[in-house]
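What follows is one structure encoded as structure tokens, with my remarks underneath.
For reference, chains read A, B and C in written order, and residue numbers begin at 1 within each chain.
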Amino acid sequence: METFFIHLANGLAIGSSYVLIALGFTLIFGILDIIQLAHGEIYMLGAYCTYFLISLAGVSFFPALAISAIVIAGVGLLLERVLFRPLKNVPLLNVLLITIGLSIFLQNGATLLWTPEQRTIPTPYMTQTLRFLGLAITVQRLLVVVVSVILMIAVIFFIRHSRIGKAMRAVAQDKEGAAVAGININLVRGFTLAVGCGLAAVAGSLVGPIYLVEPTMGATPVFKAFVIVILGGMGSVGGSIIGGLFLGVIENLSAAYISMALKDTISFVLMVVILWVRPAGIFGKILEE
Amino acid sequence: MRSIKGISVFIIIVALFALPIVVKDSYFLYLAILAGIFVILAQSLNVIVGYTGQMSFCHSAFFGVGAYTSALLTMNLKFSFWIALPCAMIAGLILGLLIGYPSLRLRGPYFAIVTVGCAEVVRSILYNWVDLTGGPMGLPNIPPPDPIALGNFITLSFDSRQSYYYLVLVFALFTQLIIVKVVNSKAGRAFVAIREDEGFARSIGIDIMGYKILAFSISAIFAAMAGSLYAHYILFISPVSFTIMESINVILMVIVGGMGTIVGPIFGAILLTALPEMLRVLSDYRMVLYGLVLMMVMIFLPGGLVAALKLSGSFLSGAFGRLPKGVSSVGS
Amino acid sequence: MSVLKVSNLSKHFGGLAAVGGVDFTVNTGEIVGLIGPNGAGKTTVFNLLTGVYVPTHGKISFDGMDITGWKSQKVVKQGLVRTFQQTRVLFSLPVMENLLTGFHCRTGSGNWGLFWKRDSKGTEESWHDKALKILAFVGLLDFKDELAQNIPQDAQRRLAIAVALATQPKMLLLDEPTVGMNPSETQEMIHLIGAIQEKGITVLLIEHDMRVVMGICERIVVLNYGLKIAEGSPEEIRRNPEVIAAYLGSEESA
């Protein structure tokens, strides 16, 4: 029974990181109408940034996390300005392929720059454990959940109550109307991309110490973000949170009790099965017009 | 114009048949065979992506299922290649219906993402079902196609590179013919209407789901056929050849050549089979360039080579027909 | 002789009733107007009639058949077709291609029409001729090889109607056919609608331009906030105090 809870805890930890990735992904889609397939590479860049800060510059974990998030948010701003803004009126299909190209470019660029060598982000929290309800949980895993939850709450609060959050919601609902109402669309777009990328960077940095940091680490998590978003509905913050946690837990439990090989595939199998059974997605928003 | 077109097509076909006689280089033939297989893949993908406007990433799944079905039937059940290939096509059809039926109901981007998932599921099955597929070790020693005896005097055998070239050429021409027919039929008109404005197409009585499934099935059948041809040529297959990257490779061929045109995929397939070889020198940078090329083409010339030819105003531009919406405009 | 009968038609989105308990009838060969302030639910009614939405309650009977909840393609086959408020055609294709696509549901070949060649002689030619006739009827013959995106806006509007006619409808639902048109274009559209009626096609027309409505509609149905508030002849509607109040009310809030 104890092992069950450990698997559950691990599932929640990885699930929390999925939530952060899915949140950024879904915000970017909801507000910029872009399916950012290179989002996994942003996650990867965040992990590498933290890794270099700690191992080369001797920065400790939390400051490195924060700096990495800010730097990658800056990358997001740059991306919006240089790539996505000029492409505002290009069909969704074309943009999809452009982000695929970006993903391939970044993944392989990272391989060239930093070699395929797998690295670990060194933190003291991997060896520390906490006794909680009779279980020994790695502090790092706990950190993942705690930081993620803090960020989730922050994002929700922010979107609901801040001025720019309201602007974001307005743009997500009706771009033309928002522009007419005087909202600076470019500002909102840039901000959204910055926030989305920052969240992904945090996810990569949190998870980096637990799993390995390598150039292709973003490929599978971003696919899982897709699954979460398919099931929860694009643009749905609540859907991303529930979906992410659920997926993390299911993955871990099926890997532990059914087969290790299933770990990555289960998410896709789940998606296909759910679509067979409930074609509109769990929240019923993804059918054809 | 039609007769000029007819004559030039005829000349091209004759040239293609004469190729192995004129060019003796064995490596060149190897590339040509590969290009032929990819032409089939690109043309079939073009039906669902270019003509019907539904971005699909599971082409690698159909390719893989076709390859493994054909290989396993000939190896384990001692089927003749000539029976195994149609069986592979049927397997592709079944998979196409299995994936298409629940997912084509979804809006474009969601459908695309689901196909990513399906491609991954199929690859994972090929990788993990070791008893059946050999897992990561793959299937070695796939038998080449068995010889056909025509009458008492002529036997066609397919163990030489040259003969396999002709085999692939015939199948590629066959695929081209079928796809041209489909695209110029009433169904082709429905595909284009769906691509251009699905809601409008629905409002004038077109069965959207039916035609989407049809397009998807056609693409699956021919991709599986290509898989069989691939397996019995390379004589070894493993899951690494059937990943999502492979799907993206074919998508790139269709786009670079010209989506939604009848000859675009041919250009794209030939170019993208030959180019990696020519750029072998830059092998480390190859994938980086790949990503860059994809981005650049989509940003600056989404209509691919065909659009470039049309824009250049060359006399060939009339031969290529119309470009789909969104592709004929460059950038924004 | 009624060709369209709508009974207690309702559509709820979440808690909101876009259309609530609407009844009306359209008789064969009539031109009926469907009017009301913005947001009254008129386009929603069209969407319900043509299978874009499934009604929450109520029944739709067309040409003697209960078509409630039928999918769009079935409704079109039955003979009921609509145009859209914002002109929708296949813009990057030539006018002629648009027409030929409109014939799709009537060309009735098996095998999904897969091997039914587009350019073969015989059948294709007769469809070609049919297309030319329709183009002549709506006044677009000169544009037949032009790309739809390159013809003037009012011509595009007529193209949308031509494609709808290509489906060989018994009844045509026109959504604001004259919006954005100048007086002479409007006059031509009125003329066209009259000619459509002469061909025996029944017309239900959403319109904001009162001159058009009063000019060609034989009967008018008025909606406000999703409910039917009046029905009758143009004279009756013009003098109906509830209708006047509805429009004035919407003007005040505008």
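Quick notes on this one:
Simple rule for what comes next: a residue touches a chain if its C-beta (ideal position, glycine included) is under 8 Å from a C-beta of that chain, and two chains touch if they have at least 3 such contacts.
Just so we're clear, the structure is a prediction, and the values are computed from it rather than from any experiment.
With centres computed from CA atoms alone, B is the chain lying nearest the middle of all the protein shown. Contact count check for B-C and A-B (C-beta pairs in contact): higher for A-B. Note: the chain lying farthest from subunit B is C, by mean C-alpha position. Per-chain Cα centroids separate subunit A from subunit C by 46 Å. Spacing of subunit B relative to subunit C, judged by their CA centroids, is 42 angstrom.
Chain centres here are Cα averages; for subunit A and subunit B they lie 33 Å apart. With touch defined as above, residues shared between interfaces to two or more other chains in subunit B number as follows: 199, 208. Considering their complex, residues 181-182, 184-190, 192-193, 196-197, 199-208, 210-211, 214, 322-325, 328 of subunit B touch subunit C. Across the interface of their complex, subunit B is touched by residues 50, 52, 72-73, 76-77, 81-82, 84, 88-93, 97, 100-102, 104-105, 107, 109, 112-119, 163-164, 166-167 of subunit C.
Against subunit B, in their complex, subunit A makes its touches with residues 35, 86-98, 100-109, 111-112, 223, 226-227, 229-230, 234, 261, 264-265, 267-269, 271-272, 275-276, 279, 281, 286-289. Residues of subunit B that touch subunit A in their complex: 53, 55, 99, 102-103, 105-110, 112-114, 116-118, 120-121, 124, 128, 198-199, 208, 248, 251, 255, 284-285, 287-288, 290-296, 298-299, 302, 326, 331-332.
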